[in-house]
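Okay, so chain A shows up in both of these, paired with chain B first and chain C after.
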Partner chain A sequence: MFSAKAVYGNSARLRDGKVQTMHSIWHRANSSLTFFGTVAAVLCLLTTGTDFFHESNPSVSLKLHDVRRLVQHHGSKEHAVVTFDLDADLRDVFSWNTKQLFAFVQAEYETPENRINQVVLWDSIIQQKPPRPPPPPLLRRGDKAYIRLNAHKTKYAFIEPGRYLRNREVNLTLVWCVMPRVGAMYTQQRVLPAGKLP
Partner chain B sequence: MIGQAVLEPGLIVSSVLVMWKTLILLTGSESPVVVVLSGSMEPAMYRGDILFLNMGKAPIRTGEIVVFYLDGRDIPIVHRVIAVHERANGTHVDVLTKGDNNHGDDRTLYNKGQEWLHQQHIMGRAVGFLPKLGMVTIVLNDYPYLKYALISVLGLLLLTNKET
Partner chain C sequence: MDFVGQRRAENVLMAIVIAFAAVSFVVGYAQKDFALMVKINGVGLALALLVVLPDWPFFNLNQWKWLPALVPEEKPAKK
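What follows is the complex of A and B.
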């Protein structure tokens, strides 16, 4: 395998006097590597393509549970301490190419100063579970994709950079970002109006 | 002979450069492909993963994974947007980011007195992902003698190529 012919190739002198080498180890390694790379790239594209056909319609119920405080914060800002109820079944969003879901709850509102305000209040990383037979209903609590939170405190402070939270219409939105094992990421969301802050 | 030894690598280098610059134009981002350097976005992204970026005209919204540079520093940071406040006339946007694996938001990373990121700091949004393939660049950067060895071997192969 490592003879001079294998490493340097068969030489053949062509009619115009040029020397051409064929079938050396480098040529074989080069073509194998190129072929491997091409096949791998095509497989990655096909894999990420399957996500295009993946449909899911998870049920989501999200509402403000109560507003505990709404106070001034560091001078010119406002801080609202709220709790929320979230019931979401995101298990169907997982496809075979999904590595994890990044799910978060955000408050969205509009003020005279800012037409778009989005503040993330809570987030959760939900990883792909290995396939297993469906558990009896009582054991479902272990599956993070089946979210049930009641009167849950926010992970991050709900801070408005101005003084516009009083009497403000707020939407609570559940967003989930789908992180693939390979390929394109996409995001879906469910917007649920939550009423007015006091 | 010498002309050929200069032209061949020159052609290869310039065609790679043209392809790279075209990619920059197409994606609207100054760095359309980046390698994740830190573990602050685990478990979504690990050190050595490759990210494909696109800037586009769409406004920055929460949940997006953005790549940004802070004034005066030239390492890109890849984190997720967790708060957006966009002015009514659309001219200005305040953005706050946080690494998934970090406990607090990125205000500890921003420059002194800086509370928000703005449009000009953000270089692109992550739209696609390849696991682990960027480990090569990290290894080459951590062990520079490997980089010199690789370049010398490639140069040697090019010069001793017997094909016409």
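What follows is the complex of A and C.
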């Protein structure tokens, strides 16, 4: 498979043409480990290739539960205190090559000043439960990939640096970044209109 | 190791590593278990090292026959 002459040149060749490639234990150890490394790299490429065929269509329900306050600070920043309901089953997004998901909820709206404004309200790192042994009912309750939040307070403040939150049409978006064990990360999202702020 | 043995060692190394890599990928993909793939690969590497690193007798079956050592000739006296 590998021509000894191409790899070793003439230095390992005896005068009568015989070639020594594995004559010492160090030689053999080196060949073994580097060959194993190359094969492992090929396996990683194949593994990340399987993600290309991985399809999932998680069900996501995301809405504003309540707008508790909408205040203005110092005449120039508006702060909305909201709670939201999130019901997302992201368990199918995990493939064998997925290490964790990074999911976050952002509010999107358009103002006369800027066409796109996005504010992150909540995020979470979701790691997979090991597939085996079969999880007892107790473990399944703790599966973070099945997100169920009711009237959940936002982790981060919903602050708009202008004065545009009043009566604003807002979309809530759930975005999840799929972080692989090997290969490239990809991102998917669901945009759900959430109505108007008061 | 003799020359035939060295060639065989290299072939055995590649065969074992590639075979275990293929099996590990298929089994890991079927069981949706990345760690399992890594473990099977590790076993394959261990087995390959076990077979190839030590100078086993079956790598020394074709001893190269060297010519008998020459006695250095007397240098002919010049002139």
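We adopt the following convention: the second predicted complex is superposed on the first by the 152 of 198 C-alpha atoms of A that agree within 3 Å, B and C clash if a C-alpha of one lies under 4 Å from a C-alpha of the other, contacts with A are read in each partner's own complex, and residues count from 1 in each chain.
The rule we apply is simple: a contact is a pair of C-beta atoms (placed from the backbone, for glycine too) under 8 Å apart; a residue touches a chain by one contact, two chains touch by 3 or more.
All values reported here derive from a predicted model rather than from experimental measurement.
Novice: If we overlay the two complexes on their shared chain A, which of chain B and chain C does A:161 touch? Say first, second, both or neither.
Specialist: So A:161 only meets chain B here.
Novice: Is A:117 touching anything from chain B or chain C once the two structures are fitted on A? First, second, both or neither.
Specialist: Touch status of A:117: first partner only.
Novice: Return first, second, both or neither, reflecting whether A:35 touches chain B, chain C, both chains, or no partner chain.
Specialist: second
Novice: Quick check on the superposed pair: does A:45 touch chain B, chain C, both, or neither? Answer first, second, both or neither.
Specialist: neither
Novice: After superposition on the shared chain, which partner residues are touched by A:181: those of chain B (first), chain C (second), both, or neither?
Specialist: both
Novice: Once chain A of both complexes is superposed, is A:104 in touch with chain B (first), chain C (second), both, or neither?
Specialist: first
Novice: Residues of chain A touched by chain B versus by chain C: which partner has the larger set?
Specialist: For chain A, the partner with the higher number of touched residues is B.
Novice: Answer with first, second, both or neither: which of chain B and chain C does A:96 touch in the superposed model?
Specialist: A:96 sits against chain C, while chain B stays out of touch.
Novice: Please report the chain A residues shared by its interface with chain B and its interface with chain C.
Specialist: Residues 18-21, 181, which sit in both footprints.
Novice: Per the contact definition, I'd like the list of chain A residues that touch chain B in the complex.
Specialist: It comes out as residues 8, 18-21, 44, 48, 99-100, 102, 104, 106, 112-120, 123, 125, 127, 156, 161, 175, 177, 179-185, 187.
Novice: Of all residues in chain C, which touch chain A in the complex?
Specialist: Residues 1, 3, 5-7, 9-10, 13-14, 17-18, 21, 24-25, 28-29, 31-34, 37, 41, 45, 48-49, 52-55, 64 of chain C touch chain A in their complex.
Novice: Tell me, which parts of chain A touch chain C in their complex?
Specialist: Residues 1, 18-23, 25, 28-29, 31-32, 35-36, 39-40, 42-43, 46-47, 50, 95-97, 131-132, 181.
Novice: Touching chain A in the complex: which residues of chain B?
Specialist: Against chain A, chain B makes touches at 43-44, 59, 61-65, 80, 82-88, 90, 94, 100, 105, 126-131, 162-164.
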